[in-house]
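Each remark here refers to the structure printed beneath this line.
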């Protein structure tokens, strides 16, 4: 297998699509958002990307094995913006892998004529969120203004540590390719899978590029998570040790 | 030395052999099973695979050094199924090594005309086992049905974390090569080397492909391990700290 | 993106320049010193170096993303020594990256005709400093004498552990290229960002190669840090746990 | 710089030399032994090996920098066995580095016509040693017999974990090149730098290949270490925490 191995599943014509990336990360905000788009909108699997930088792992669904990969789905509504949605269960596990995979992702985006890139993710606040703001970062002033009009918050020196992983590199490497790119980061505690933050991010994206999705399934998951939070708070009041972030991150 | 370096020891003709892999892993179930086959059946060493991804290590047997490697043995009974058995003391120690080694293993299997792949391993339950079920995963529905007929359990979303390491990649990369592959995972506590789980896996394999082996030596080791468990439980009752998994994993 | 990817921003003619390196390290002494030079002297960005060995990260400034990189600025005063200043926020994260990046840095230095190399850094003493000595290491006896005349301390077997990272490799690899190189290490506690140590290093460099800079902004930061130290000492007296080095290293 | 970069310092003719390797390891036994040979016997530096797999580090001696490397010295006595002695302060820091460096070392040995390889090291016993036995491992039965005649101990399944690092790979890779190789492992506690164990190893080597060295300097260092041990035992009796292995390993 090559270091980066592209499986070509389908080659539909896309009309000036935008790339929407949602891989695992803080609060799984980006992953939840991208997967919600794929659940709610008609889409077609167009590419699988395998890599020796992914974990040496297969996932098992009903006894059938699927090698670790990232997937591109094409969304081509009769009206409105074509989307190329990048989702998956893994990120690369070292620096060279992160750079190489992101380059591979952008090569595929380029094949489909992607005009703009939206990386979706979460930004940890360390506390449970009341108001779900969405923080932004871009590669061009013009793109920044567009996002501000849709209510994206731009704060000096935030996020403080910059943006790490594929979402960060999608900005950095798109800029070097002169493709306008942005990252939409939903505020989230960082302790829990956060469907509400994912919804906040999608509502912004919806306002910027326009699509019709129903949020009830995300809202249902949000209710489940609030139930989890309640239980944890009870546990803490009973002075029993609270579950570790690690556990929580994978609840829900 | 090359990154993956194949030593050709012998080249017997095999008749539509199946690959049986048993490298170190949870409870050493796969390793015990593969090594038991080689102890009980006449076999011939055909390939050694060295790799810069194995530990920089030699094993010492009676003062003689052997560089870390994986070995392929051919089993060619007068009647019944030819086997190509992959065993060894090491797995790769990083992602690229896992992918590259598994590709190398499948290239060798291809040379010998392997028709089906059986990866043997253990699946940890976290508790001592009464009933030794064998969990399955495959690359084709047809293979799944064959295994179900022999009593392999297929459970939705199990194993939850998928399958990691060579056993997982044998499934994932065989599927991409259109070679039917399966993984037989004996339930095991995960705390101890588990000969009983290895026997449960072999009894399934025996039922699927057919061979004649005696299990008394495995049963003897199982008795030794139960002795170990008894001792550990006594120690725990005496509130002395129980040996770490790490220690236990290498008892027996 | 290549493993080491050079962005050519400008190509001014430099007259026998010296390379001054200040990347992150102990007490951020070298980084503070190099950045202070760039704040105080007129300079021009000439090169950016990107690498797959840098963290997969973008920094965000006022909403705009910049991919992790190291930067070369040219300083060309009407009178006096031309400088090529190497600064940035990152070091490589593995051995091959350190070697490859340093080689790349020296290739760029060679392009601009660099005659001598000055690596700036800190050497940890484990205690708060009264007298800010600057420790030296070089690749030639002649260079050592020059530095001794300017007050650089050379002590047998110091620093005991040698010099690690880009600063160390700039010495080691320059020597192999027959380019005289030195490392100026300001003594620092190792617990805090240390502007005073950076000033001590710059004063030596100023004496050796000559330039005119004002130190008031560094002195202001030094006052802030002393305020931090006072607070920490108070906290310690109150038996509250003292902040971890890690935290402190990034204060200021 | 290349991944493995050989600096050719001198090219004396050697008469069927043996390679003697002593790089850092358990109790620094091999390193002490090899360095003692170089102190006691006339030798000439013939090769330096640099590698991107060594730490990114220079050592500083009296202010002068030397890039991390391994060194080959030639020992050519008027009478008796020619030696090629491999010493240094570092081992590679990952698997590929270990394999690649050892291959490079054996290429250099081959250039000089090396007929036999002696890897020197220590084997940890976990307790302070009274009787300094030397454990052996080889690649041929014939070599084993030779060593047994000189008092080397060969014990079934010892060392239990095999031999790791350059010493182990020198056996494994020499065997694949059909060069007889052995490893002489002095028993040592594993907690301290152990000059006595180094002397025990050298006395065996002296008996096997013959050379004249004086051991008084090693004996002096052994006395210093016993002083250290005494102090530690006192500290322990005073229930103060004993120094960590790490510290101890670098005492002396």
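All chains are identified by letter, namely A, B, C and D, in their written order; residue positions are counted from 1 within each chain.
The rule is short, and it goes like this: a contact is a pair of C-beta atoms (placed from the backbone, for glycine too) under 8 Å apart; a residue touches a chain by one contact, two chains touch by 3 or more.
All values derive from a computational prediction rather than experimental measurement.
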Shared chain contacts [chain B and chain D, defined touch]: none
Identity of the chain that, by mean CA position, is farthest from chain A: D
Magnitude of the superposing rotation for chain A and chain B (Cα, nearest 5°): 90
Same-residue or different-residue interface between chain A and chain C, half as cut-off: different
Inter-centroid spacing, chain C versus chain A (mean Cα positions, whole Å): 37
CA centroid of chain B to CA centroid of chain C, Å: 52
Multi-chain contact residues (two or more partners), chain C: none
Arrangement of touching chains [line / ring / star / complete / other]: ring
Those chain pairs that satisfy the touch definition: A-B, A-C, B-D, C-D
Interfacial residue positions of chain A with respect to chain B in the complex: 1, 3, 50, 52-68, 93-94, 97
Interfacial residue positions of chain B with respect to chain A in the complex: 92, 95-96, 98-100, 102-103, 136-139, 141, 144, 154-159, 162-166, 168-169, 171-173, 175-176, 181, 183
